[in-house]
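Take this structure, written in structure tokens, and hold onto it; I'll ask about it next.
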Amino acid sequence: MKETTVAENLAPSLLTRYHTIRKFTEHLTAPLTAEDCAIQSMPDVSPTRWHLAHTTWFFETFVVTPAIEEYKPFHPAFQYLYNSYYNTVGEQFPRDRRGVLSRPTLAQVMEYRRHVDEHMRELSTKGTAFSSLAAIIELGINHEQQHQELILTDIKHVLSCNPLYPTYVAAPARERRDAERVAWIGFPEGTRWIGHSGESFAFDNEAPRHREFVDAFELASRPVTNGEYLEFVKDGGYRRPEFWLSAGWQQVRSSGWNAPLYWTEIEGEPYQFTLSGLQPVDLAAPVCHVSYFEADAFARWAGARLPTEAEWETAADLPIAGNFAESGAMHPSPAFPHRSGSLRQMFGDVWEWTSSSYTPYPGYKPAEGALGEYNGKFMCNQYVLRGGSCATPQSHIRPTYRNFFPPEARWQFSGIRLCR
Amino acid sequence: MKETTVAENLAPSLLTRYHTIRKFTEHLTAPLTAEDCAIQSMPDVSPTRWHLAHTTWFFETFVVTPAIEEYKPFHPAFQYLYNSYYNTVGEQFPRDRRGVLSRPTLAQVMEYRRHVDEHMRELSTKGTAFSSLAAIIELGINHEQQHQELILTDIKHVLSCNPLYPTYVAAPARERRDAERVAWIGFPEGTRWIGHSGESFAFDNEAPRHREFVDAFELASRPVTNGEYLEFVKDGGYRRPEFWLSAGWQQVRSSGWNAPLYWTEIEGEPYQFTLSGLQPVDLAAPVCHVSYFEADAFARWAGARLPTEAEWETAADLPIAGNFAESGAMHPSPAFPHRSGSLRQMFGDVWEWTSSSYTPYPGYKPAEGALGEYNGKFMCNQYVLRGGSCATPQSHIRPTYRNFFPPEARWQFSGIRLCR
Amino acid sequence: MKETTVAENLAPSLLTRYHTIRKFTEHLTAPLTAEDCAIQSMPDVSPTRWHLAHTTWFFETFVVTPAIEEYKPFHPAFQYLYNSYYNTVGEQFPRDRRGVLSRPTLAQVMEYRRHVDEHMRELSTKGTAFSSLAAIIELGINHEQQHQELILTDIKHVLSCNPLYPTYVAAPARERRDAERVAWIGFPEGTRWIGHSGESFAFDNEAPRHREFVDAFELASRPVTNGEYLEFVKDGGYRRPEFWLSAGWQQVRSSGWNAPLYWTEIEGEPYQFTLSGLQPVDLAAPVCHVSYFEADAFARWAGARLPTEAEWETAADLPIAGNFAESGAMHPSPAFPHRSGSLRQMFGDVWEWTSSSYTPYPGYKPAEGALGEYNGKFMCNQYVLRGGSCATPQSHIRPTYRNFFPPEARWQFSGIRLCR
Amino acid sequence: MKETTVAENLAPSLLTRYHTIRKFTEHLTAPLTAEDCAIQSMPDVSPTRWHLAHTTWFFETFVVTPAIEEYKPFHPAFQYLYNSYYNTVGEQFPRDRRGVLSRPTLAQVMEYRRHVDEHMRELSTKGTAFSSLAAIIELGINHEQQHQELILTDIKHVLSCNPLYPTYVAAPARERRDAERVAWIGFPEGTRWIGHSGESFAFDNEAPRHREFVDAFELASRPVTNGEYLEFVKDGGYRRPEFWLSAGWQQVRSSGWNAPLYWTEIEGEPYQFTLSGLQPVDLAAPVCHVSYFEADAFARWAGARLPTEAEWETAADLPIAGNFAESGAMHPSPAFPHRSGSLRQMFGDVWEWTSSSYTPYPGYKPAEGALGEYNGKFMCNQYVLRGGSCATPQSHIRPTYRNFFPPEARWQFSGIRLCR
């Protein structure tokens, strides 16, 4: 958290970004009813209304309350209700019970948002205070962007449980394309600098920048498509233990998995639930909603493997562009035709599972205080995903960005890029 | 199901009752938000919106659809979504997942109600058809009254999970009274006629009327009070296995029970969550929200026992009056001062656990077809409760009425009357 | 517990019975290896070695210790290890963990038996003390007989889990007989005296003798056979919810039941695991190892019902004879040809599920002290079975005898007799 | 698997080692009763008898059966009963049900061992066949050594569940020593060669040898002692979430952990269950039976961290000596006084948790066929431990050896060495 001497200059633009991001959240939740926003369809999922309140709680707790001496919390119970997992801040309402709270209502939560937004605006007129909090505000903005993605993935799960197959956005008109052939892009061995450094924002888990020795490798030019994955399914992929990690095979058997999450069969044809309702599976588009176990099994079936984080990052020294949340499609698209031999869709469309466990970089130090709980304490039994998805805000992503989920998680827009 | 020859006379009054009961349901749900109506706080609880739809589905399925040839169901999926447990009718959406459905919304469910109400009205103009369905309509009305009580007990559980302690109705001004002393009312031994017979409506589980030999017994003049129950608690009632059934003791240990459901302690004083929020425990009022296990343990501690069904019914040959849902209090009240030696509060206030397992009466025959699933198939591992509660509609109750719940259930307004 | 004035006469015969029963227990366990005696194959099952020790603990705790002032317990920890469920006596080693104890070994437990037997013998020389304990010794003898049956049913379950299908006794040569046709034996309505009275031993749950009004009924002349049950199976019995209690149907679905316990199919023919290994199902023999749920569903399919306790006992005023543990067959047999119109196999072969919940008789009083925990505290969510089985010692059974198990239990030798 | 041209020379020494290791297994199980060998005290634990049979099955399946054409399996069911997890070989008896098998008895399993040993001996006379199988025999020997350690850790768990605290070996006389002060041994940054290469045996997961860049680090000269760990406990280590990974904190709360496994308190003093029964905790000895979660939390409390695999292996270029299974102590010992500044107890005493997830080395290839299931499929949600323990055979360990367990596992002899 660095002091800025030119608070007058910084504040306005940060504030502008603050309000832009806050509005985008509300833009994303606009199509939802009060009931949609109340449901927790599984313990991993939080109700939309909770996301709307928790992101606000973050600014209230870490910015407004410390910065405005006379500030009175909007509601005394929100400290407890909307604290996600910060033990340093206090006890938390149990995560898997978020769906039993009918109050505060959606309308009250929106009022809470306006209340905190108003105080953020007020804060910006107090030059110095605001700029000294700039780093935390920046973190809060990025935090809210993470929850924008979770709002989308969580509501997708909620709606998918409903046999009425409700629609969140109208399906975009889609031109059918054939998937292009995979090319293998080679990279030589060498000691690489991995991780983030410099002035711009990054989460603490992306630092420190450090060296890793990386053997020579080849990366697939595009993600695995639905068509390729369907071949794996048809080849008995889910019935043949030889492709699976032991824990993955147990999961397949106990959960009865036989296709990616949200896939179903209608009269012999594969369909999938999307944020535009039930749609035929587009064979040319990247496969999505697969777990690490499935990604790993597919790779073994295909005679390849998943890349490590360091390999992926070595290859990802590219401009950031792609199919992100801003596009409104809310679903992965097939790759556009392109010049042969270049990497495609490294950013957007689907998160790409790496074979790397989520561990601290050498010399990693979490922040002091409550915000030190942001990342470090989750570094166990999770795998790193890279590159963002069609539900990630574009301005949120970086080549060094580390997302992470347990190997059985499937409700994120997670896909597969092969390596060898 | 008997044919009525004077359909013209019957129909109007039945229809009037139909609409009165339907409106009372909506009166009960009026104070609730769309979010309140969406929540399922435990598997036993159904969302209010589900109750609103399911009671409507009952009339649509068993009355409107068979009676109006050209009737098109309001929505094709409702057959599946709102079937509670009638295997004969078809598959059911899983009970413990009712809380994941955000659609249809509350507004759409209210529209569904109006739609079916409209067709019921239309039906009444078709004299004969309507009267031939009179018995099923009567059943549907009683069915909706049962769900009125469940709406109240379920929403109480939902709101109780919220640390904000929301209020459903304003607390009535209550005059504090001391509890009157218990008198023991004696009944001689003899062969008794038990169960329902005659023209008026009763559920199939109340028939046939039959003989049971009943030994002499004495029944307490009023239910056990909170004050008496508190003595049991203070005497180590929840820590002494000698008072408990083996299964009850296991429940106490595994669930950490140490007081009735909804009780909590604030600075050493007992409070309870009510439909009017958190309130001090009124020591003179009947204890409520105790399981069969607790009722049975309390009775053993008190040197008494619970009455059997037959004993209770023998004693209950009394006019029906008391604190019912219509009073709007939504909470048990202390007994009014009375002439010594008479039975008090046999109806209303709290359901009274009997020591009788819920079993078929000798010669019991469930109805033909789907409605045969109404009662009989639940006759296992449940205990009978008698007399109705402050959440029961008064016109719904009879001396022969048999309510039933598993011995661990506590979220109904269930209390204790002693016998010896 | 009555004082006997002629201690000298009583003691020897009681002691003789004591030693006879103790020896019979050891006769039953003789074919088992040390490993057989160590296994707990499910929480309901106890290791044979535990039964051997617990029955000994009963005599040590309730007879030897109070009667012999200077007696030192065989081992200080046995009080804790071999107490089944007597909270009054002290804490108990957890029931579902009995299978983790490898020590004391079988040899040590047999030594424990000899030690207590020796002290029992010593006790008999002390005339008065012994006779004053006569009632408890009688209870202990009956208690050990109950565990003789459990030793057989538990080891059957243990061995059944082993794909090697071990044999406990050689299969008796069996003459194949056809099942005889069922006759229906009628009984008129009337007030009946039910329960035990008089001098001879009975458990407290059989008292007091009391009146019940019983409507007229007809009882099947013999239990349901495997052949009849197989028709139910083939008619889709396990796939048609209309026959089942709601809780039973849930059990069928969650457990995947499709036949009685221990049945399997080999090349299209039904086989069952028996204490003589895997054997073809004898269609003429009584069906066995069915739960209450299955008994009840079968009865509904057959257009009949299960008898109540009172009905069964009304009919059971018969001499006690049949296929009991002493026969060594350890499996139900087909009925012998008989004079038409009489009740067959009321005793022995299979326990017969009644439709009666296990509840206290009017005026029931458990014994004072620890032995009051013997029966009463289990009167919840269990059904009564009558008549004994091929694993019950013959001298243990009476017309008033009440056995009880939860409705899902199948590992006892439990069968079906129809009523209507 | 390489062909050896001088089979005559190789065979005898390999066979000698085979028989030595087989005998050592039986030496380890000699103090156990038949009952001890039958118990499975938790799903992770296998009965001793199963270990005795499974290691034999390994040689029968992978050596004897393929090498001796006319060989008839000892028992047709053993293929199924004693296959641990090789899907390629066939279905497996469920792992968590190994404790329900009372047959084959211990005596029969010992006969099975002799039978296979005999055929192994016979095989050695057939020069070529034997030598071509040398690599698999070598694997089988190492496999049996792994099960030797599991026999010890599993029986320790079994005996620990018994309130009699049985003793497996007499406690060695122990000289009390004070723990010596920790020194920090420094290592410079650099690209390191990690993993195994060369002629001698290693598991496939130790290969291929490859480069990793390792930053400069310091390693503690000895493992954390019980005394140091006790300070952590007394400082509220198990009550302060700030030291714990999120998943670890959940484990602490749900399991009620408040000390290492096997610790208990007697009159305020810490005791621990050992293979010599209950003993006072020796404050100078290495702490043992801690999970990864506890190791990681302790390190954070101590202001240090756990080493990575690469760091540990960089430091472990040392001769192999220490307190191994051969010593017979079966418990970690305090470090002997030593020349300051050198690494102590890197081998033996306790396995040391590293912060490295168990992942394949770059270029890792599992073996072809069934033996490819040996290691690779477990590379998920496990952490690597290094250095062996007091229950590991000394000849089994190497600096490159990778042991692995889930982060919550505590029943191995697992301890902590700090790094910074």
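A, B, C and D label the chains in the order they appear, each numbered from 1.
Everything that follows uses one rule, which is that a contact is a pair of C-beta atoms (placed from the backbone, for glycine too) under 8 Å apart; a residue touches a chain by one contact, two chains touch by 3 or more.
In this text the structure is predicted, and so the values were computed from the model without any measurement.
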| item | value |
| --- | --- |
| Smallest count of steps, each to a touching chain, taking chain B to chain D | 2 |
| Separation of mean Cα positions, chain D and chain A [Å, integer] | 38 |
| Distance from chain C to chain A - Cα centre to Cα centre, in angstrom | 60 |
| Computed distance of Cα centres, chain B from chain A, in Å | 46 |
| Residue list for chain D, restricted to those that touch at least two other chains | none |
| Chains that touch, pairwise | A-B, A-D, B-C, C-D |
| Touching residues (chain side chain D, partner chain C) in the complex | 33-39, 41, 49, 77, 80-81, 93, 97, 99-106, 158-159, 161-164, 166 |
| Chain A contact footprint on chain D (complex, rising order) | 85, 87-88, 191, 210-213, 215, 241-242, 244-249, 293, 308, 355-357, 359-360, 362-363, 377-381, 407 |
